[in-house]
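Think of it as A, B, C, D, E and F in the order they're written, each chain with its own count starting at 1.
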Amino acid sequence: MVVFRTAPYGGNYSFEGLENVLIMGAYDQDVSVLFIDDGVLAIKKGMDNSGTGIKDFSPTFRALEAYDIEKIFIDRESMESRGVSLEDLVIEPEVIEANAVEKMMEEQKNFFMF
Amino acid sequence: MVVFRTAPYGGNYSFEGLENVLIMGAYDQDVSVLFIDDGVLAIKKGMDNSGTGIKDFSPTFRALEAYDIEKIFIDRESMESRGVSLEDLVIEPEVIEANAVEKMMEEQKNFFMF
Amino acid sequence: MLHLVNKSPFESMGFEDCLKYAAKGSSILFYEDGIYGALPGTAIADRMASVTSDYKVYVLKEDMMLRGIDKIMDGITEVDYAGFVGLVEENKTASW
Amino acid sequence: MLHLVNKSPFESMGFEDCLKYAAKGSSILFYEDGIYGALPGTAIADRMASVTSDYKVYVLKEDMMLRGIDKIMDGITEVDYAGFVGLVEENKTASW
Amino acid sequence: MEGPYQHEASDSAYQFTKAAIAKGHEILRVFFYQDGVLNSNKLMDPQADDRHIQKQWSALGTENNIDFIVCVAAAKRRGINDTVTAEGFTIGGLGMLTELAIEADRLVEFRA
Amino acid sequence: MEGPYQHEASDSAYQFTKAAIAKGHEILRVFFYQDGVLNSNKLMDPQADDRHIQKQWSALGTENNIDFIVCVAAAKRRGINDTVTAEGFTIGGLGMLTELAIEADRLVEFRA
């Protein structure tokens, strides 16, 4: 499992996390992806890098399904506190509650947080 | 003026800030030093690097007076919220209130925050 | 004075620290992850509404675009990098 | 589960984020700048007292020493790096 | 300043410098310290579809005669020396930052 | 992981690895990614009274046969290639991190 919990671009965690997801997918691992805290902002629609030239990674998030990565989750409270709804996102994760997060982590052999 | 506002060691801001203070002193600049927010933790007494090997810079803070750097200030509220009192510190800054900070900054030609 | 805030207000106390010291009427510019402070409908929107009445609050357009943000709260002004330079011409800056 | 907290609770929301997800009874280890969460007499001491009743809270001794911290709140346990390794033996870890 | 590709600080500093020049300002100097010293590393080799941060700086510097100073103390700790710094970047002492503070009308810090 | 000398993450990872070895654990591998790749830079030249982070790792690795893998994607962006990596550090793909996640009993991340 890869957990995204930081905002995109200010730090490069989401970008390197995404590289990690793709590689795990290529290894035929049964990869889950989870967005919590500021990580929910990493999959916002409408990103436009023309003003900064920084690499826009949202097309790659959109391609996760093509890599057979389909277990994608997002924390409801993190979305609500940031004024984000599912329609604002480039993918459609399954919405979960905060108290499900630790259980999901425990069920993994290992997981990474970005 | 050099403003210290981050905790020591987790990041290296305080260390590089301190290097900066010393150089400014060497240039005969009339250097002020201000500790706010987690910066108040940078001058805690009793630092002991024997468990980590990370360079302990507190002796250098203690030496500021020797470099004729004497205008040293600290924000009262930052100390209080972190349970720190003047006796806990390796130097004895003058205690100021938060509302004096912006004015001090405005009076400088330029200042740095670490 | 111009206060520069570049961290997400949902993850960092940098913005609140800045407010502790910033004199009313001063300018605050959100850039990088700081721009999320300008989002409408968030858990900190009420707090931000009171801030916009006490300070001149700006947000950097290029960093909004990069992050896919096109709506901001009332009372916050969008500026581009040229506007950022303009604010620096008029003010000393503090980076939080 | 062992939750690793390495940022100052006075500057980062990382600790509060961790508590949002951590199941009661889980372990939390403060290290690096996270150790300031264990300081007695702070503005967050009441909050921390309730946390220590719901979680097993540890603080890394070497990082306390480095920062000149020798007093910690009741209900928090000091461990050294060997103890840190022991906690990792017993738990999966999440880094906040 | 934090490191290129790790934090946005390098990109923001570059965009700000470019905008200031476009408005007719004279940029005295860009001073790279902390992880910012890594901006000068000519061995950088990002993916083809990403920006090349060092080359962006170098192009801006050449066109506009800007001094890029890399803090020697910060650089040495981080393995940056003149075998890896790109043309246009000069390794110099922290004193040059002090001089900058004395001479410059405005000074902006891009921090993480 | 964040960069050496900039954040404590490199020091913490080193101390943790040392303590785990002292307790008799077999460390499969240390994987350096993000700014952590900078740990491998042999050009590091800190002040005489400070620790030398790369040399600390190298000594630990030689004594205990640990693989130090430096993430190639992260390294290239940051100007780290085999002309500057110290002995004992191998540049490798992110796939090796995936393998680590599959094989290792425990995995600890040292983040900023």
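Just so we're on the same page, a residue touches a chain if its C-beta (ideal position, glycine included) is under 8 Å from a C-beta of that chain, and two chains touch if they have at least 3 such contacts.
Predicted model, so just to flag it, every value in this text is computed and none were measured.
Interface residue usage between chain E and chain F, two copies of one sequence, is largely shared: over half of the residue numbers at the contact are used by both copies.
Taking B-D and A-F together, the chain pair joined by more C-beta contacts is B-D. Averaging C-alpha coordinates per chain places the centre of chain D 37 Å away from that of chain E. Between the Cα centres of chain E and chain F there is a gap of 26 Å. Taking the mean of the C-alpha atoms as each chain's centre, chain C and chain D sit 32 Å apart.
Among the residues of chain E, those touching two or more other chains are numbered 5-6, 8, 15, 34, 47, 50, 73-74, 106-107, 109, 111-112. Residue positions of chain C touching 2 or more other chains, listed in rising order: 6, 10-11, 13, 17, 32-33, 62-63, 80-81, 92, 95. For chain B, residues touching at least two other chains, in rising order: 9-12, 37, 51-52, 54, 110-111, 113. Going by the touch rule set out above, the chain pairs that meet are A-C, A-D, A-E, A-F, B-C, B-D, B-E, B-F, C-D, C-E, D-F, E-F. The residues of chain D lying in touch with chain B in their complex are 6-8, 10-11, 32-33, 36, 39-43, 45, 61-63, 65-70, 80-81.
The part of chain A that touches chain F in the complex is made up of residues 12-13, 16, 19-20, 23-24, 26-27, 29, 109-113. Interface of chain C with chain B (complex): residues 1, 13, 17, 20-23, 26, 92, 94-96. Considering their complex, residues 10-14, 17 of chain D touch chain C. Residue ranges on chain B touching chain F, taken from their complex, read 9-12, 51-55.
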